[in-house]
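Just so it is clear, A, B and C label the chains in written order, and each chain counts residues from 1 on its own.
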Amino acid sequence: MTTISSMPLLQVEHLTMRFGGLVAVGDLSFDVARGQITALIGPNGAGKTTVFNCITGFYKPTEGRLTLNHDANHHYLLERLPDHDINWKARVARTFQNIRLFQGMTVLENLLVAQHNTLMRASGYSLLGLFNAKSYRDQADLALQKALHWLERIHLLDRADDAAGDLPYGDQRRLEIARAMCTDPLLLCLDEPAAGLNPKESLELNTLLTGIRDEGKTSLLLIEHDMSVVMTISDHVVVLDYGVKIADGTPDAVRNDPKVIAAYLGVDDDEVAEVEAEVGL
Amino acid sequence: MAIFIQQLINGLTLGSIYGLIAIGYTMVFGIIGMVNFAHGDVFMVSAFVALLLFMIFTTLLHWALVPALLVVLVLAMAITGLWNWTIERTAYRPLRGSFRLAPLISAIGMSILLSNLIQVIQGPRNKPVPPMFTQVIPIYEENGYVAGIGYKQIVIMVVTAVLLALFWYLVQKTPLGRAQRACEQDQKMAALLGIDVDRTISLTFVMGAALAAVAGVMYIMYYGVVNFADGFVPGVKAFTAAVLGGIGSLPGAVIGGLLIGLIETMWSAYFSIDYKDVAAFSLLAITLVFLPTGLLGRPEVEKV
Amino acid sequence: MSTDMSSPSSTFPMVKSLKQAGFVGMVMFGLCVPIVAFRAEQNMNNELVLQSRWWLTLVFSVLAMIGSFLLSLYTHQKSHTAHSSAPSSVTKALSALAPRLTPLGFACVIAYPMVMLAINGPGGSIKWIDNFGIQILIYVMLGWGLNIVVGLAGLLDLGYVAFYAVGAYAYALIATKVIPDTFPELGFWSFWICLPISGLLAALWGIILGFPVLRLRGDYLAIVTLAFGEIIRLVLINWVDFSNGYAGLSSIPRPSFFGIPFNASEEGFAAVFDLEFSPIYRTIFLYYVILALSLLTAFVTIRLRRLPIGRAWEALREDEIACRSLGINTTITKLTAFAIGAGFGGFAGCFFAARQGFISPESFVFLESAQILAIVVLGGMGSLFGVVVASIALVGGIEILRELDFLKQVFGEAFDPSQYRMLIFGFAMVLMMLWKPRGLIAHREPSIVYKEKKSIGSDMVQEGHG
């Protein structure tokens, strides 16, 4: 018997995704441990986002199994769930590489849409809500409190009534994370959360993400190109190249792996030195 | 069997007409991603233009039938091209890149405008022309029923085939065709590479209209009558053909057109002529639901 | 035909504009040959003969030239007086007026039949209450119903009239065939019994038709819904046993005043309330019925927008993929929008059948769907107030065109102004899109406010992909 804490939250086993003849991901296996930040890195086109899309149900994997373990008795096979149930039942939330906020809705509305299923139940599938029943109002108030709590955490309380599309880029990135967190996920998948952020914003992001991890409810899986972010906050790194895993371990182990360095910059020695400098070796 | 052969011939003739109209839909959709709702009415306008030109050349100028038809065909293509050029220039181009529904509503308005314009300036009644090429070549006989192919059916199929070949060459082998395909892929990039996107789109509309005009001439020849309301149903059927063949694909549009023509004639012969339009519309719905990329369309991978 | 003035010179580029006008005139001339220049008419032997009308061609070409010249003059003037990026004054004024006009408009709408009655008397006011009041309100209700589907959920529906037809035929068939055979004593109540049934049936059809097609995107969905609309109409035409085909269904019971019929009998409305019998009472009553139905639609829409389902609709319009990642079942969410919109269409259809007393498939052609969609889009997607303005402009405009009989005195008896109604309607649809592609009310009101209400400009709001 494995105990809950030793059982990984997400087990990816022999995941393969083909588009026609192209193998985007080939026989990939890795684990996302509970209470940790796991980073999925690799050069452009390595298949990282495809892995994300398989985990979150936007693509159905060609082969392989994706198991999400809530506890010893509750497992979800993600490849069999429709995408909305992956969020609602299996409790996996995600963000997108090209931010997908509801641009024409306010910041606050974005966070309330994220609590749709809870509120939908409370509103008696709109019937109770239509008559403004007390039970619904209470639940709506709770949802508002939760939204405001997250706005405070991402320092956007002042902009609650602005259109999400009006926010600066960095704020939009944080809002998207807050929106995903409003669905109370066990696993939060972040697709390049630091892309396009300035160093200060990047630092804030690190604090936000480690904060989420340290609260212990949500584990994180992130795709990232910014090595400073990856090396600072992740507990575990998985490296992909051409859809195949080439390394898997702690940040220190991975950054010393010659295969990783080679994958990133070819095998040229001068460039290896450069990348070593970049990752802080 | 004789009935089957006869319906096969009729279906292919009708299908040629639908295929010609379908190309206009498919090209415009391919290049600007818009369902040109008024295309069916452009076809109807072209049929009227052809009818009037035909009358001018045969009754006023007393030309012989064959040269008159040839000139009518060329002139109708040019005039309908000008119509569609004007429509694109005034009703669609200013809306390009704005709200997605705006060009669609504009096109619906244009469709209403065109059919009612023709009603007002040409009158609401059917316009019959004297029958032409009435000879029929018998090809199969069974129990006294003779299946045959009419001269006009031969003319329609031959003209369609020749023009499609010409058109195919134009799109595949000329710089214009290359520019069109480039705009289809990525308008911004095409513009950066020095392609005049506006001109290419205009020419696409002109080409679509020219082929619709061919269909218009054939329609007049085949049915011998046209009415201001005749744009809508052939338009929807041609659109069905374009979707069935895979929207964006030129051979697909032709194959789709032939299929729709065959289905319509076979359905009329063997099931119910009253429900032939229901069959066409149902086919459209079924295709879109179960085969949204059509027979020859490329599958679309959702970008997340 | 406007070309941008490339240099901001303050003098009007006369030569260029004239050249352009000349070009436009030539194009117009080309368009008119031969379709305007000749008219084919049948003679006594059913042969076509040509009548030449070159003068008309010339008139058209000259008009086009003048129009083009005036347009370049106008754009030149405008480029020197106004900053083009600012939203136009009409949009701004309407947006600002919307909240203030609502109570006033409400009062006007309630008082309207009484005012008309006072001005025109019982005989003269029927036309104004029926053709304008009721007719516009039917379209307001249809517009509000379709707005849920198109404006909020961003699903393009070109076959909305199908649900209108379902509602109308449901009432007509139940009231003329089912109720007299089973519960004849309920006769006077049939409208009130059938109203919810019609709405539910239409909603059910919304679900049946919507379920297979709602995963289609954009224009494909529009075309499929158009196909469904046409299929329903063609079935109504061809299935004569069921719907009586082209001939339609007649002597449909008219609504009663909650059980009291509007007739000249002893139990009739006029006798009961001790009034002189006049058909105007029924018209006025019908006016208030459709007003109440419309307000119900508005109330439900406003409420639903603030509930999770309404927010999910708008989120769906903004970004369907993000919705799915947040656990929203997009199929069910779309279906509810489709079903609720269809349900309101069914109510309106039931009312329509009861008001006309006669229905035939001719009332449910594609043009109706196009007209309702045009009202929603012109109003500004999602805006209830915009739908009202657009209905008044489009439907009222069409009705006004019926009143153009005086033109017969100008152009002679052969001139039939009603012929030009749809021509002008189509032309107006194109012009309005060119003028206001995002509709008259081009901003969105947030559904919840934390501190300060800020409306959201249309450039931010997405239009939906499905």
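We take it that a contact is a pair of C-beta atoms (placed from the backbone, for glycine too) under 8 Å apart; a residue touches a chain by one contact, two chains touch by 3 or more.
These numbers were taken from a predicted model, which means no experiment stands behind them.
Asker: Taking each chain's centre as the mean of its C-alpha atoms, which one ends up farthest from the centre of chain A?
Answerer: Result for the farthest chain: B.
Asker: Of the chain pairs A-C and B-C, which one is connected by the greater count of C-beta contacts?
Answerer: The comparison resolves to B-C.
Asker: Starting from the mean Cα coordinates of chain A and chain B, work out the distance between those two points in Å.
Answerer: Whole-Å distance between the two chain centres: 50.
Asker: Centre to centre, by mean C-alpha position, how many angstrom separate chain A and chain C?
Answerer: Here the centre of chain C sits 45 Å away from the centre of chain A.
Asker: I'd like to verify one number: the distance from the centre of chain B to the centre of chain C, where each centre is the average of its C-alpha atoms, in whole angstrom.
Answerer: 30
Asker: Do you know which chain C residues sit against two or more other chains?
Answerer: Where chain C meets two or more other chains at a single residue, that happens at 321.
Asker: Among all residues of chain A, which ones touch two or more of the remaining chains?
Answerer: Within chain A, residues 58, 96 contact more than one other chain.
Asker: Of all the residues in chain B, which ones touch at least 2 other chains?
Answerer: Residues 302, 304 of chain B touch two or more partner chains.
Asker: Quick one: which bits of chain C touch chain B in the complex? Just the residue numbers, please.
Answerer: Checking each residue of chain C against chain B gives 1-2, 27, 30-31, 33-36, 38-42, 46-50, 150, 156, 212-213, 216, 218-220, 222-224, 226-228, 230-231, 234-235, 238, 321, 366-367, 370, 373-374, 377-378, 381, 419-420, 422-423, 425-430, 433-434, 437-438, 458, 463.
Asker: Once bound in the complex, which stretches of chain B touch chain C?
Answerer: 29, 33-35, 45, 48-49, 51-53, 55-56, 59-60, 79, 82-83, 86, 89-91, 94-95, 98-106, 108-114, 116-125, 127-130, 232, 236, 239, 243, 274-275, 277-278, 281-282, 284-285, 288-289, 292, 302, 304
Asker: For chain A, which residues count as touching chain C in their complex?
Answerer: 56-58, 82-85, 87-88, 93-94, 96, 100-106, 108-109, 112-117, 119-120, 123, 125-126, 129-130, 144, 148, 160-163, 165-166, 179-180, 183
Asker: For a test of understanding, state which residues of chain C touch chain A in their complex under the given definition.
Answerer: Touch list, chain C to chain A: 300, 303-304, 307-309, 311-312, 314-315, 318-319, 321-330, 336, 444, 446-454, 456-457, 460-462.
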